[in-house]
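Note that chain A is present in both complexes that follow, paired respectively with chain B and with chain C.
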Partner chain A sequence: MMVSPSNVTKRRRSTFTWRRRLVPYVFIAPNLFIFLTFIIWPALRGIYISFFDSMDGSQFTYVGTANYKAIFNDPTVATIARNTAIYVVFYMLISTLLSLTFAIIINQQKFARGFFRSIVFLPVMLSPIVVGLIWNDVLDRKVGPLNTLLEAIGGGSPGWLVEPKLGMISAIFVGVWVHLGFYTIILLAGLQGIDSSIFEAATMDGATRWQITRRITLPLLKPTTLIIVILSTIHGFQSFDFIYTLTGGGPLGATTLIVQYIYERAFQSPIQYGLGSAAGVILFLIIFAFTALNFLVGKRREAI
Partner chain B sequence: MRKLSARASQQTWTSVSNRKPPSVGSILRTSLLIFLTLIVLIPVAWFMLSSFKDLTDLSARPPKLLPTRWATENYTEAFKMYDYVRYFSNSVIVTVVATALTLLVNSMAAFGFAKYNFRGRDGLFVLTLAMIMIPLQVILIPIYLVVSSLGMVNTYWGMIIPAAATPTGVFVIRQYMLTIPDELIESARIDGAGEFKIYARIVMPLARPALAVVAIFSVLWRWNDFLWPLLIAQDERLYTLPVALALLNGQLVVPYPVVLAMSVMSIIPVLLIFIFMQRQLIQGIAHTGLK
Partner chain C sequence: MKSISLRKIIAIASTFVLTAGLVATAQSSAQADAGLQPTANQLADWKGKEITYYFYNDSQAELDTTKSQIAAFEKLTGAKVKLDVIPFTSLDQQLQARIAAGNAPDVARLNNPGFYYNSALNLETFFGKKYVNDFVKGSTYQVTDPSTKKLVGVPYDLSMNGPFINVDQFKKAGVPVPTSWNWTDLIAAAKKVQAANGTEYAFAMDKSGHRMSTVMSQFGAYMVDRAGRNVLSSSRFRATKALKTITDLYKADQAPRDLWIGTGTKYSSPVSIFVAQQTPVFFSGNWNLATLARDAKFNFQVVPNPKELNGGGWPGGKFLMAFKTSKTPDLAAYFLYYLADANQMEEMCKKAFWIPTRNDLVSKGITYPTRSADMEIYLKDTAATPAAAYGIQTVPTVIAPIYNKLRDLMTEVMAGKITAQQAIDQQIAFINTQLATIKK
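After this line comes the complex of A and B, so read on.
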């Protein structure tokens, strides 16, 4: 008589705690399920497929590392790799330098500072597809406003979007134009994080503004700048959308970057899922290296 | 603080007049910023003017700044001859449903990670954050094959679900939920509230600022997203605005002025967000590095 009720409560309590233990897993399950289905599983499958020839998408035959060898030996891929490398390096360098410049300038600005901050940020909001169309319009060789202006001052009419070299320059410029505001905002936040008493002390000691910028601001901003370098490098490798409407990868493939190559392997004849997946794996390794670097820098930043 | 004290010290030295002539540095700075403003605004303004030009004006040499005739038919034709309404509503459906789903699954996961102790929590959290390292571009082909084997190509769900779980969203909301005191949850439990009720009725309302940031970014990203809907929406009836614009732009049968008009209309919602919510956006980026 005395034993059974306590047994009942014990059992009830144990199912209760068992259910309570399950609760957090229930909360994280939907998010985790999407990750597993649409990121982790495809990522693993991508590695697997990269060792197969998809035979125009119909069936898969194992080819070992042939796709990787093809990628490293194909002259077209070599051109795309070169395009991507040029694009990423210049995009990263120019983005970093300009965002640093504008962050420091906007931070010092007293007149209409909020307005200028909004202006630099505006392109970040626009659809990259529309941005491509906008600059396609502005950079038009014959009827674009830029060349009209250049002709008026005797600068000729360069084929911004029809000559291979100028096409790459235009793509880098537009890429910087789209994302610059994003990096500038992050750097502005970094600047706001610097203790203002340091500047006051330097001003009292008679330091000029240029000296303060060079000797104090830039060194203190170094961790944030490194993050911009890494972020812009990763973004550079992922570029595709605005180029689609700006140059479409042309002229003569001069602005075809790695992501467009991967996309075309899946949706342009001949369909080569294996080759595209191998290129994806290589792109992952590159991005992984930079993200790992990001993590290390982030850790160091916390230590400071 | 810095601004105030700097101004105070300046005033001590220039005792005669309150207005100092602007220094060379500040003139240089302001002119550089005005130059930047022109480079940002002129292309956008030019583009907007172009959308009101007819083909004759668009091919005129030298180009005209203002249209000789305001060709409003570019806009009306977008509705009459092309399915602008459909593309627009597709974009709205994908953006709204995807953002709602993102907020739901991200906040649930964030709540789980922030307010419970359970086996494997830290490992699963690191796994969640690690998803940042696998952008769509890298798994483009296998994810397309997975989605297609699930029969989700050419469906709204195919556009919405695969990218609904975001590592940054979980992170931002979790960080915010960590600041909500546990005592609040404990006392609700003592009062007999169930775990889901605690999440929905207590924690979610308190996490509103973080949810707002994630919502704005999700809306922007989904509205402008191109690559994923391009893969999934192969049937023209499912095109979102960016996909429609990119693909119609390449077709010779579609008049270029109509593409321009559609583009201008597509950026209007974004410009409204920009005007009314840029403070939250800028703070969101500043605090999280989120894009």
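After this line comes the complex of A and C, so read on.
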């Protein structure tokens, strides 16, 4: 039996289409596998464990919503929520404003732009643990270089890591210092995506530098700024590692944020995996809500 | 199906035979100096098998001695021991994660055995019910499963809290090295030595509720008695006095306040401050001796604990546990037995300045090759420690939170947020909530 040439072409075309459709999935399969195994599965498992009580990770007792109730009845949680809120708000605002400023300044820089970009980005490459240790030394009340300098100019020796209010200020400062470069690079990319002819036209029309920034740069950067707001909010909620090495959550619990609460419930004596997981689920819901809110507000403004 | 069942039967039977062999040899070897020896069958079975030993060390001497003992064990049994050295600060965190992931080690050296009762091997199955009698009474409370009353681990070393002093600085200040003193004497001497030497601090203590319990015991205050009851309220005023004695030093910046307040919930030790000669008195325990003997570039020594109502220190210790998930439970149990036998423990005591947990070594006495005078003081303080100091060990699952809460309340007192009296009242309430969780 003869197969008509048109049928062969059809079959080839269909195989080709099928392959074209499949290839992207083959490419993302390894990444997808890693994502499912190390992100999705542990997250689902975490939600499941949040309804159980376990002190050793091998024996689990179903407790229903008792872990969630225990968290909301824990008197320390209110203080930790307050600390987290203060940290996130200030961290997000300062990070966004500073990274915007830095990005605009670096973008306008004609000389050694790459050098300044590298300098700003440098802290991002440091391990958070190392960052905490370095700043712990720098901010030491008695022998830290900062207070040595302050004392030399008659500024006294503030207890950066010993006074609760200063402890929070130190944590926010170090947090901003760590991530600032990352946000600046994203905003720089956003800035460089704006058509330069818009700036040229504005200059020709006699707009000042401030007017260009206010009327052209900032509005056109809104989508990228929204990303920075979302990212810095998420990072703010997730801050833990460098704070733990910087202050250990002290002084007097002033820098204990929600992730440290989760860590201490899940991994420090007495270990309570269920409670730690429940707190993790709550954190996820908070971050999810804030991200959605930011996104919706951003979208609405865009529409207006 | 049949072959699997047969394999299972063979496995169960051989485990039973090996276990019986171990029990038999343990009982028969009670009189033998060499301790329990593996049988030929066991040696044949263990050859080439590997077990993991999860270990942390306070000093290099402990690590070196452990490595040489492992080498001797491997030679004796033909088995392989993989040594996993873990930092003390993440000991429980990593072990819990490994147990949860089904990757528990075979044997571990632990600080909080109360968390692992469900995962631990019952040692009585391997070494008989009388094995517990090899160890100092009271030292096995924390490794006796409260629900089954079975021995699920062994006390590996006893620790004793107490003060170190910088002898050179004391001499320079013209303050005699104390042979007996109380807290008023200690503080007066420390301040005088500080003034004469211009050190930053007069006194430093580990940031630990365990260390504070020593001072409370000396003032006659205890948190939990041997019946597992909260007894702090009955010694409220003595506890307040003890707490105030220490926190006043920190509030006045005569002790490293920043190290305590500025480290949050993290453990911190001022050992480096003592090594840097910035405090003449360092209140800690015998586990620092090997490190100080190596690092201190000055003359130091251990001095007796201050005596108020009571003398002596505060007991602590480390433990060994073998885990149920071991593929070769009899080998894991034997390795634990080997490390805790008289010969190995004596060697470790001599090299790493440990206080033995075995009755035979306690009665025989240990001759420490160096710093024997220091160890003598620890041993005397151990003998002088009131029996009430062991009470808290009867509630092993809540020891850590009780100590940690005391530490955190001390921080609040040091920062002037609450008074010592309020701290003790809050501690009484907290102990009640913790003990209630056990009763549940």
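As a convention for this text, the second predicted complex is superposed on the first by the 246 of 304 C-alpha atoms of A that agree within 3 Å, B and C clash if a C-alpha of one lies under 4 Å from a C-alpha of the other, contacts with A are read in each partner's own complex, and residues count from 1 in each chain.
The rule we apply is simple: contacts are C-beta pairs under 8 Å (C-beta built on N, C-alpha and C of every residue); 3 or more make two chains touch, one makes a residue touch a chain.
Model, not experiment: these values are computed from the prediction.
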Partner chain(s) touched by A:129 [first = chain B, second = chain C, both, neither]: first
Larger residue footprint on chain A, choosing between chain B and chain C, goes to B
First (chain B), second (chain C), both or neither: which does A:209 touch?
first
In the superposed arrangement, which partner chain does A:162 touch: chain B (first), chain C (second), both, or neither? second
Looking at the overlay, what does A:244 touch: chain B (first), chain C (second), both, or neither? both
Practice prompt. Please indicate which partner A:34 is in contact with in the superposed arrangement: first for chain B, second for chain C, both, or neither.
Written response: first
Q. Where does A:270 make contact in the superposed view: on chain B (first), on chain C (second), on both, or on neither?
A. second
For A:25, using the defined touch cut-off, is the partner it touches chain B, chain C, both, or neither? Pick first, second, both or neither. first
Check: chain A residues flagged as touching chain B and also chain C 142, 244, 248, 267, 273
Contacts from chain A onto chain B in the complex sit at residues 20-21, 23-28, 30-32, 34-35, 37-39, 41-43, 45-46, 49, 102, 105-106, 108-111, 116-130, 132-135, 137-138, 142-145, 148, 151, 177, 182, 185-186, 188-189, 192, 196, 199-200, 203, 209, 227, 231, 234, 237-238, 240-241, 244-245, 248, 259, 262-263, 265-267, 273, 276-277, 280-281, 283-284, 287-288, 291
The answer for chain B against chain A in the complex is residues 1-3, 5-6, 9, 25-26, 29-30, 32-33, 36-37, 39-44, 46-47, 50, 58-63, 104-106, 108-109, 111-113, 116, 118, 121, 124, 127-128, 131-135, 137-147, 161-165, 170, 195, 199, 220, 223-224, 226-227, 231, 241-242, 245-246, 249-250, 259-260, 263, 266-267, 270-271, 273-274, 278, 281-282, 285-287, 289, 291
Interface with chain A, chain C side, in the complex: residues 92-93, 96-97, 99-102, 112, 115-116, 118-119, 200, 257-258, 261-266, 397-398, 400-401, 404, 408, 411-412, 415, 417
Note: in the complex, chain A contacts chain C through residues 54-59, 140-142, 159, 161-162, 164, 167, 244, 247-253, 255-256, 260, 264, 267-271, 273
